[in-house]
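The same chain A turns up in both complexes below, where it pairs with chain B and then with chain C.
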Partner chain A sequence: MMTAIPVIPLTVGANRVIRGVRVPHVVGDPSLSVEKDRETAMRIVLTALRALQTPVDEPTLFEPAETPFDPSLILAKEATRAA
Partner chain B sequence: MGTTIRVVHYINQFFAGIGGEEHAYHPLEVRDGPIGPGRALQQALGDQGTVVGTIVAGDNYFVEEQEEALPKTREAFDQLKPDLVVAGPAFEAGRYGLACALVCKLAGEQDIAAVTGMEPENVGVLTYRGDIFAVPTGISTSELASAMAKMAALGLKLSRGDVLGAALEEGYIPRGFRHPVIKEQLGYERAVEMLIARATDKPFISEVQVKSYESIAPAPPVESMSDAKIALVTSGGLVPRGNPDRLVSGHATDCFKYSIDGLDALSVDDWESVHGGFNTTFINTVNPNYVLPLPRGRELEKQGVFKKLYPNFFATTGNGTAVTDARRMGAEIAEELVEAGVNGVLLVAT
Partner chain C sequence: MPLELANFKVDKVVFGSTTAWKDGILEIDGDEIMELVAADPYIENVNVEIASPGDSTRIVNDRDVLEPKLKVDGPAVAYPGITGRPVNTVGQGRTHRLAGMTVISCAEFPEVRVDGSRTWGETPPHQFVDMSGPCAISPYSALSNVCIEMSTEREIDADTWNRSLQAALFKISDRLAETTRDLTPPEVEVIDLTPKPDLPGFVFIPMLASPEHRFGATSSMGTGVYGITKLTQPWFLDPTEMLDGAVAGTYGGSHVTWPLTNSIVLHMARNHGKEFNFLGCIVVRTNWESQSDKQLMANRATQLAQTVGASGAIVTTNVRGQRFAETVLTVQACERVGIKVVLLTEEEDDENATASPILIPVPELVAVVSNGTGSASGPFPAVEKVIGGFGDESWAAEREPIHGRYGVSHTSDVYGFTKQSRVDY
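For the complex of A and B:
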């Protein structure tokens, strides 16, 4: 679960919690450049995939900042305006 | 002395003496008077109520064949004309607990007072908490007599139409409702007394009952991400622009499924959030993908980080949603995704 307020899902028992940016833009940051915004979102999604692959035995927080990041995972061109 | 009320008792095949699991599909039948634990019920009611009939059904029958069991139960109510329905107690038996809860819920819908008893974590009360009055029991049938006494007392109150006090005072499992009450003491006085009691290790009862959540066993990790099918789910109120299914802005009881097949990103022209609990400006004017990371999902899919994105996403509004509704919606979503062979879910919660 990606969320801007990890304490709530951690309290109510969600087992894999990923820290997002802000409530109105959990996966991304419109205050950044388009490239950085994409990178932020990609880091969060990659962290979610890392969480899915990690065994846990209790509600656990996964930090995007701790996820190894490969910039090549962001495609250079994107067809749509909604990035 | 008041009049004697008519009481109908619901029990399963086991307590009726028909048999165990091998008779769990025993169809619903009505018998005269009390049987099995109904005798303890009659004793507890004393001269205030008479057990006029007993509805008996197998646990599997009642839970799995509700389309048949519920109308038959209603017929039995019509025939027996109870003032009060008592179901169980079911203790920790899950299907029996569900059946008891369904019987009480149905009685309530017919304006018949109803009470059951079960262990507070029984799926029956977890599922229908707000629809039923259930006395908490332990897990052992040796508590039958004491449980029945509590159920009878509560049932008699309900059948008289008495206004019930708080769950903990009246001895039923909290139903998740709050009612305004007038207290003699002002709030700050009560708060200070509680604080002093706490500081001096004296007992006190908080007026805000913090609900303890069940712990959920974590799913095992995805073994091979490159072979995994991944689904997207959001509680960010994301819907096609115009909100064709009329998803509500809060206290949602429904979730909806939308196709993202062939889409690489969500456009603000076609999607919007109807969530009433956060500022949706960014979602609705800049980028709906902030509540559903479809573009990043597509990139990772194309690069083979995982195998496939599930072609539908699920959306609800996670704003004031009741836990029971959330649990049900989650189960519905999980059922479809498991059936489709999805290995992992990326859920965005706003």
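For the complex of A and C:
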């Protein structure tokens, strides 16, 4: 579950919880530059993919800040869009 | 500095040819009261009604409820800041209060449709006050209420309309309180919160939703501290400031203006120096948008409580949902530094015992007083008179029981002041 308020799903028993940004924009941050907003979104999505591949035996919080991230992914995405 | 509360008890409100308080009877000149509001071009129709305990009356579309108060010395005014009133610090000197009565603004509210046009919104079917019968469980059911019905035909936005309603409410409240200015009070209660030695120190921590996320930083559409409704770090207020109305205004359907001057703060102030010292009130704004913001506010509130030497706290929460996160994080932060907390809250619907009655049941939450689920067993008998129905006759009919659940509360009771039945554990 991606959420801006992890304490709620963690206490009610969701297995995998990914920390999002803010209540009105969970997966992204419109106050950032386009590049940083995209990085934020990709980090959260990559964290969700990492969480799905991680065995858990209790409600577990996954932090996007701890997910390895290669900035060239954004450049690659831009290149794909340009093409 | 102590606060003197001069209590002018109101046993009954009646219409008359003048506006005056005498021996527990408040006489009001309805025409004079309506004239006070007539200058506002947005309020096209105004009507004054009285609802007394025992009347076969239902009050609908209540927007805010307050007790008339008057500061009689110094530059400060009661209910400071809201609707542009002076922000001089309150909580000292003498305050006259018309105890046992309220002024209630009644109005429908505009909603913005998806296409940007406006309509008068639906009134939630669970929000009304019965003055008699088995469901007269609201605190206002036991008080004499001067109700101001206001309406307009204009296409108006919610904040503009709300500012007119608030201004009208305070003009009328001020006028009623003014009747006592030159009178000798029958009773003066001195609230002196000088700490006594060897007693534990308690604070009151009301969590109060900010409307900033929906309506912007300067909106009138919520509870303000000296009129400030936006998201701010926690405020430390002297309890006597609270008693003078330093925190006022309604957020959604959650009335706090009357409760904050009449329930927990007053009770704690009256018991100061007996079993505990009442050290202060810490107002924590809720509706922060990320958990780290919520956590920070919880930490700062706890820091304030520690600074003043609190060993115990009463925490309340005024709207459920994500507002409850700040509440629970504050309870948790206080308990972790050794400040014992009692949380007063409504319960969530337990969905036939399949769900937690507390949205976020952290281990540190060890002492909770439940104020019910907002349900009322009903049915609510038909009434002879509806105030604030604005032509909708269906409000007078018998109404079904109300099942309290998220967003549905017949009587929002986070301060524990209603006449709901209860179970002691």
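Convention: the second predicted complex is superposed on the first by the 74 of 83 C-alpha atoms of A that agree within 3 Å, B and C clash if a C-alpha of one lies under 4 Å from a C-alpha of the other, contacts with A are read in each partner's own complex, and residues count from 1 in each chain.
In this text, a contact is a pair of C-beta atoms (placed from the backbone, for glycine too) under 8 Å apart; a residue touches a chain by one contact, two chains touch by 3 or more.
Everything numeric here is computed off the predicted structure, so don't read it as measured data.
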Taking the superposition on A as described, I'd like to know which of chain B and chain C A:N15 touches: first, second, both or neither. first
Partner chain in contact with A:V56 - chain B first, chain C second, else both or neither: first
Going by the contact rule set out at the top, does A:I74 touch chain B (first), chain C (second), both, or neither? first
Check the contacts made with chain A and report whether chain B or chain C touches more of its residues. B
Quick one: classify A:A4 as touching chain B (first), chain C (second), both or neither. both
Applying the touch criterion given at the start, work out whether A:P30 contacts chain B, chain C, both or neither, answering first, second, both or neither. first
Under the contact rule defined above, give the chain A residues that sit at the interface with chain B and also at the interface with chain C. 4, 11-12, 23-24
Footprint of chain A on chain B - complex, ascending: 213-216, 218-222, 225, 228, 230, 236, 264-268, 278-283, 286-293, 295-297, 299-300, 302-303, 305-306, 343-344, 346-350
Residue positions on chain A within touch of chain C in the complex are 4-8, 11-12, 19, 21-24
Quick one: in the complex, what on chain C touches chain A? 213, 289-291, 294, 322, 325, 328-329, 356, 359-362
Hey, which residues of chain A end up touching chain B in the complex? 1-4, 9, 11-16, 20, 23-28, 30, 38, 41-42, 44-46, 48-49, 52-58, 73-75, 78-83
